[in-house]
Amino acid sequence: MAILPEALAAALEVMLALLLLLMALACLVDRYLRRACRSFVCFAVLMALTWWQLRAPWLAAVEAVLGALLTGFSLFFALGFGAHHRLPRRDTLPGASPSGVRSWLLPLTWWFMAAAASLLLVDDVGTRLSEALAVLGPLALVGLAIIGLGLWGFVRHRHLLRRLLAFNVLGSGIFLVLAEVAGPRIEAQALILTGLIVALFGSLLGASLIRRLFILDGRLALGSGTGGKE
Amino acid sequence: MNALAVLGDEALHLTPSLWAVVWLIVWGPLLLGLVALYFPPHRMLTAAAAYLPVMAATGWLVATIAVSGPRHASLSLGELTLTWYLDGLAILLLLLTQTVLMASAVFAVGYCRTAELPSRPAAWLWPLLGGLSSGLTLIWIAADLLSLYVGLELMGLCAVALMLLPGEAEALAAGMRYLLYALVGSLAWLLGVSLLLGAWGRLDLAGLAAVAEPGAVTTLAVALLSAGLLLKASIFPLHAWLAPVHGAAWIPVSAVHAALVIKASFVILLKLWLLLAPGQMAAAWLLGGLGSLAVLWGGILAWRAQGLKELVAFSTVGQLGYLMLAFPLLIGTSEAVAALAWRGTWLHLAGHALAKAAMFMAVGSLVLSTGRSKLVELAGTSRRLPLPLLVFGLAAVTLMGLPPSAGFTAKWLLLQAAIRGEQWLWIGVLVLGTMLTAAYLFRMFRHSFDEQAPHLTYRRLPLGMDMMALLLALAALALGLVADWPLELLWPWGGRT
Amino acid sequence: MSGAWLPVATLATSLLAATLIFALPERAWLARTSLNLGAALIKLGLVGWMIWGLHRGLEYAVEFPVAAGVSFVLRADALGIMFAGLSSLLWLFTTLYAIGYLEDSPNRKRFFGFFSLCVASTLGISLAGNLFTFLIFYEMLTLSTYPLVVHRGTRKALAAGSVYLRYTLSGGLALLLGVVSLHVLAGDIRFGEREILADLGAEWYPILVGLFVVMILGLGVKTALVPLHGWLPRAMVAPAPVSALLHAVAVVKAGAFGIVRLVYDVYGIELSYQLWLLHGLVAISALTILYASLRALAQQELKARLAFSTVSQVSYIVLGVGLFGPLSTVAALSHLLHQGLMKATLFFCAGNYAEELGIHRIDELDGAGWRMPLTSLAFTVGALGMIGLPPTVGFISKWYLGLGAVEAGMPWLIAVLAASSLLNAAYFLPILQRLWFRPGPAHGQGEWPDERRLGRLETSGWLLWPTLATAAFSLLAGFLASMPFSPLEWATRVASQEYLL
Amino acid sequence: MSGLPFAGVIAAALLWPLWLAMRVPLRGWVTSSSPSRVWLDGWWCTAPLPALALLLPWSEPSLTLSWWLLGGVWSLDDPRRSLLAVAVVMWGLSGLYACGYLASEQHRQNAGDDDAGRRLQYFALFWPLCLAGNLLLIVAEDIASFYLGFATMTFAAYALVVHAGTRDARTGGLAYLVMAVMGEGMILAGLLWAAGSAQTTMLDALREGLVEAEQGVWMAALLWLGFGVKAGVVGLHMWLPLAHPVAPTPASAVLSGVMIKAGLLGWLMTLPLGHAGAGEAFVMLGRVMLVAGLAAAFGAALYGACQPQPKAVLAYSSVSQMGMLTALVAMGLIVPDRWPALLAAVILFACHHGLTKGALFLGVGVSEHPPRLPSWLLWILLVLPGLSLAGVLGSGLASKWAYKTVFYDADHKHLVLWLSLAAVGTTLLMARALWRQWRAERQARHDDLMPLSGAMPVAWLGSLLAAATLPWWLPMGRTAWPPPGELVGLWWPAALGVALAVSIGLAARQRLPGIIETLPPGDLWWPLVRGYRAISAKMVHGLSRLGMSVAAVVRRLQALERWLIDGLGVLARGEQWLGRHSAVLMMASALLLAIIMLAAP
């Protein structure tokens, strides 16, 4: 790491952040499920890189194994990759109400809360916003953005797999913010590690649930009827 | 504050023998569960015997701590230090947990056999229950947010996994919903924790209480934490996932879940609020208000419920509402009021845990024996199934808060606190809640005492199942009369200086 | 504290009996019967022992803390033991009766289990040493009587059970609120520590009055004070022994006993008088006495008429409590016992008619005296007692009540009493006339609704002997009212304690 | 003699009739299969005999029973001993008479008529019971015993009244019972009130207490009216003419002869008669009583003279005579200082009336089934007690003289005049009764009914003898006989009455039946019954309306409840909504909490 010049490191960081945001977006808005899952695997790999970048090699390794490999595997398992019953390739369910701008309202306010809190953390004495943003760093900002996206996705989507994806993205966003605001503390890493494990198990559980629900009565969303008609 | 003083005192570290006991209690059930995965118990006595060491260890721990006072322990993993703290509250919750778990496990043996559950998923019941137990134990004794997080997640994931076992679509859908909300709740919690960590740089509760100042960040963190925990604790209006889960899960799972799992989130919530938001009276009133609404909402829905399990599930929603009254009664009130409310809350929690587990078991026996699950279809059961009905009745006594039961004594204490604190609203809630509870619980009896109903065919159940339920129900009753000893252990409490 | 185990043992007898009965199989008639009777006899013996001990000045008390500041207190004082004596005596008879009554009917295990629980609760009420303990058993009573009320399991019984619960549980809640508030106000008041509330000071008096009203609302439900009496006539769908128990000992008396405790042992008679609480009691009980008698007059069902008569008669107790003076206290306390004896007799008789002849309505009773002379004789004794004619116990109660009314300076109440007597006569004498002087199926005219031959005597011995025993007791307690240990004498003793202090 | 034998005697006197009453069901129970059992046997007739021992001159005729009811005291003094004597004689003779009177029912029972057997059993059961009550009330000194005796006698007599089981008997029984219960109510109220204010359980203390009590006169009025039902005070007398004719003749005899004297005894025991310090209010009460008594004396005579049935006429005569007695008792309140002398007169009058009226009633039965006696002898014997009642001879003359002297001494001559006029009425009644009896006897002889022998005539003759010899054996001291010069003053009412009767009888021979048709026995009873029916119909209607309106309110509430419950279905939809929006709600609650916490001070 040390061999890289500082500017390059900063540029790398920004690029990583932008890529993360892009992948998260791709993963969340894509209605083609397999593509979305692939985007998520990419997102997870990028997360691993980010941990490396943040000087947390252990986390990077764990993220690569748990986040990219195992979670990706579980997602594809849920899709029915290579099995007899496959999920439909495209999510055709309408979004949950409220739709449009209003569907953004709550995630935005929530995001605002998180952002405000993060800013407040570094902004004790009332420095200007731009300085605070600078202090917070691009990864934290992207983390916040990802939180917002993830929340939106979680609230808006009804397809279970997409909600699972949204949860994973949301979790990653929170890890990013956590890493940024708490710094390289061992506690933060422990929390993230736990969170990763939880996310993996959650994904595994979720994937198997989705799979079996689909096999049992073709259900793709929560609610009483098949096909998620609520 | 009290907890701090203990943590600073080297002399009050756990002795090695106590350490061993604690480890046994934390991991013993999990190990037993793993063993049972490969050698599932077929007789209830076996299960009871296998669990006996854990129970004995719990008993010994309780006795020791009760005599010698609170103890603490720290566990270092490299640079990371986890702190555990065993005070009266923790050991009592431990005792409660292990009692309910053991009863449920023993009940589950009979249940698996009688309900002829498929053997593979049935075998998985054991390790998952063990994991649940470990998670719960961890939560009760944890004194830092990381341990709490680990415990919470362990418990939550096990609980969701247990939903997978029945394999029916309804159960799976309920489990899926549960999973999603549990995970999102955890994330909200994690966000809150990360804010706290960022702001104050530490995770141990005692340290946080010492350094954290009320401010915007703490406040936001507490709000986020609380939202996550409220969702996990299924407090109105975030309770909607609960009823399907209880309705679809296996009976012993529902019993443990209603008795303990959702309580864990509540316990964490209460602990954190007392530490981090001791002056937030308005917000505490909001929580109390949510609790009141929960009492009404849960009560009314239980009253309208058609299915037996549904009724019990909504009853849980309503009963949790009473617990939420702890916030307005504990936060920003005088010492005397808080002392009463503190005791009342824990007593209610314990009473409800025991009674609700017993009630679920009774419901399980009824449903299993008759093959019917609707209230109306159970008409006329009292002649053939007196014991489950008796258990149901005894549990109902506690839930309604009628004497002699833990529920009654708890209600007495809460009422006393409300009157003394001049918070009249909660009196109305308690009264109305009692009436609603009576209204929905007596529907069961009204149907079961019907002698003009067509006769059903009945399946014989092992006596041990009902005895377990009876044991729990009687414990709930007895707790109302001998509440003094456990309540004295709760005092002095870790809430304030 | 020499005999702390005695109250506990007395209570445990019934509880244990209940538990064992629940544990026995349905078919174990002999074991259950012997258990029932054994427990009843043991309990009667224990209570008798305590009575004797109290007579010699011993003290029986036991207590332990339940939660912060509240204790569970069992204490046998003169007032409590009086009620305990009544309940254990009548329990014996009612159990005997119930065994015969429920012969060959389903769910006997459940019935006798809850029956024992019910008596345990009644005993607990009588031995309770503070309001908290009282409340515990008071609510326990509600719960344990519900299965008895709905025992038949018919639609009507279930509906009556619901009504019963609505009333009693709401009443229980009101009582709970009052008791808790009182507890907050004055701490854990033991029965007999009357000065605590009086010493609170005048600024608390309005609150005390309010709490009293709330608690009377709670207790008044069980006492069936008008307008809180609606459950009682409906609860008549229960089997006859249950009605006897509800009306004579358990539920109604629990409420009345609670009022007695509240006035005498919590508020203290002087404070109650000072706060005008007693006047309220007098007014409401006078209203109840007359209203219920009028309603009884209009009933054509035998048990319904008896039910309204109970509403009216129990208010005598409240009236006695409400009048300020030792004589009325004697009246209230002795009527507590007297009414139990008489009403149990009457309900037993009603049950006998129903079981043996299928009679439920009054106009079916024509000539039943010839078919069932002993039962009818017992009924006559009970009815005359209700009217208040000597030498039955009813006269003794009425006598002291009237004297108490004069003593309290309210002679107009004598008009209420006389009117009540007349009304009682108006609704009981026609029954007697039908029983004895009208020609009916026994004279070869028409037939009984559903005649069964239950025994060699006019009906089964299980049914007959308890009936005769309670009738005999209600005669003897009147004849020998001035003997030592008679209800009257014991009531006088309690009253003298009350007013000497 | 000491107290112990007296206790034994009194116990025997009370328990023996009770045992005889008990014997009836016991015999029925033990030997249920024998149809020809004789219920009114020799033993049964001995019921009042042990009470005769009470008439012996006991030195200390008092018994205290501390365990009894509210504490019992039983004792005897001369007035009560006199009444007791008359009661015992009358009960004994009537019992004997009843054996013969009910022999026909016994025959019917033996012939297999179960109803007759039942009626006999009731008679055999309640007769001694009634007697025991009567004896108890005479000896009782404490209120409870007195009330017990009074109530026992009253209610047991109901069974005697309705003995025949006919429609008329039931009406008479109803009238009797209704009035009796009302009387009991008033007595109870009066006793309670008086005893409460005097704080006593004894009758003598109660009398004292009445005088001192503030509202004593009201208590006294209640007691007067309450006992007045039994004693046939005007307005409360309706049961007498209804119940007497329908009851078996021996029962009528004791009802009219002995039992209505219980009312008188009640007055004597509870009213402060002869109490000097009683005050103006009591004098006022006395005047009211006096007027009521005289009204009864005249009104009953007039109304009774129109009755066709001899027993109804005799019943009205009882009302009339009791009215005179009421007037005498009232004088005890108006002129208290004359009371001791007046008391003797009252007792003498009461005893005389008891026996004479008993003899007259028994005579009615005799005239309906004339025994084998020469007609002239029979008629002399039948007329004699009538003359005695009219005050012409025998005890009637003596008692009339007794009160007359008292009033002359007290200077109340106008009262004597009134009473003499009442005696005219009595004579009229006697004439009417005897006339009807004569008709009945002629009818009986014409129908050639089976003549009676044995018990009935013997009992009747015994009662005649007892009535005639009353002044010589009454324990209440020696009676003074009027000097021959006063006889004119004593006889003129009777003569006037006879003359009046004959003239009316001759003059109104044709028209009288018309009047009779319109004047049923029981006078005021019938309008009262009509009024009651109207009112009770309204009341029942009102009560059922009340019940219905209560039920309507309940129904309304139930409907409201159902509506509410149905409305709760909305909640189920709400629950679904909550289920769909949990995530959003979680965010919202976090936001809300944050806002509140930040906004709160």
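A, B, C and D label the chains in the order they appear, each numbered from 1.
Here is the rule we use: a contact is a pair of C-beta atoms (placed from the backbone, for glycine too) under 8 Å apart; a residue touches a chain by one contact, two chains touch by 3 or more.
Please read these numbers as outputs of a predicted model, since none were measured by experiment.
Among the chains, the centre nearest to the mean of all shown protein C-alpha atoms is found for C. Centroid analysis (C-alpha atoms only) places D farthest from chain A. Centre-to-centre separation of chain B and chain C, using mean CA positions: 42 Å. Between chain A and chain B the centroid-to-centroid distance comes to 32 Å (mean Cα coordinates, whole Å). Computed from the mean C-alpha positions, the centre of chain A lies at a distance of 71 Å from the centre of chain C. A separation of 104 Å divides the Cα centre of chain A from that of chain D.
Residue positions of chain A with contacts to 2 or more other chains are 113, 154, 223. In chain B, 177, 180, 184, 216, 220, 223-224 are the positions where the chain touches two or more neighbouring chains simultaneously. With touch defined as above, residues shared between interfaces to two or more other chains in chain D number as follows: 576, 580, 583, 587, 590-591, 594. In this structure, the chains touch in the following pairs: A-B, A-D, B-C, B-D, C-D. Only residues 177, 180-181, 184-185, 188, 216, 219-220, 222-224, 226-228, 230-231, 237-241, 243-244, 277, 280-283, 286, 290, 297, 300-301, 303-304 of chain B touch chain D when the two sit together in their complex.
Those residues of chain A that touch chain B in the complex are listed here as 113-114, 116-118, 120-121, 147, 154, 160, 163-164, 167, 170-171, 174, 177-178, 181-183, 185-188, 190-191, 194-195, 197-199, 201-202, 205-206, 208-210, 212-213, 216-217, 219, 222-223.
Chain contact summary for the complex, chain A toward chain D: residues 96, 106-107, 109-110, 113, 151, 154-155, 223, 230. Of all the residues in chain D, the ones that touch chain B in their complex are 565, 568-569, 571-572, 575-576, 578-580, 582-583, 585-587, 589-594, 596-600. The touching residues of chain C, counted against chain D in their complex, run 294-295, 297-298, 327, 370, 373, 388-391, 395-396, 398-399, 402-407, 411, 414-415, 417-419, 421-422, 425-426, 429, 433, 436-437, 439, 443-444, 478-483.
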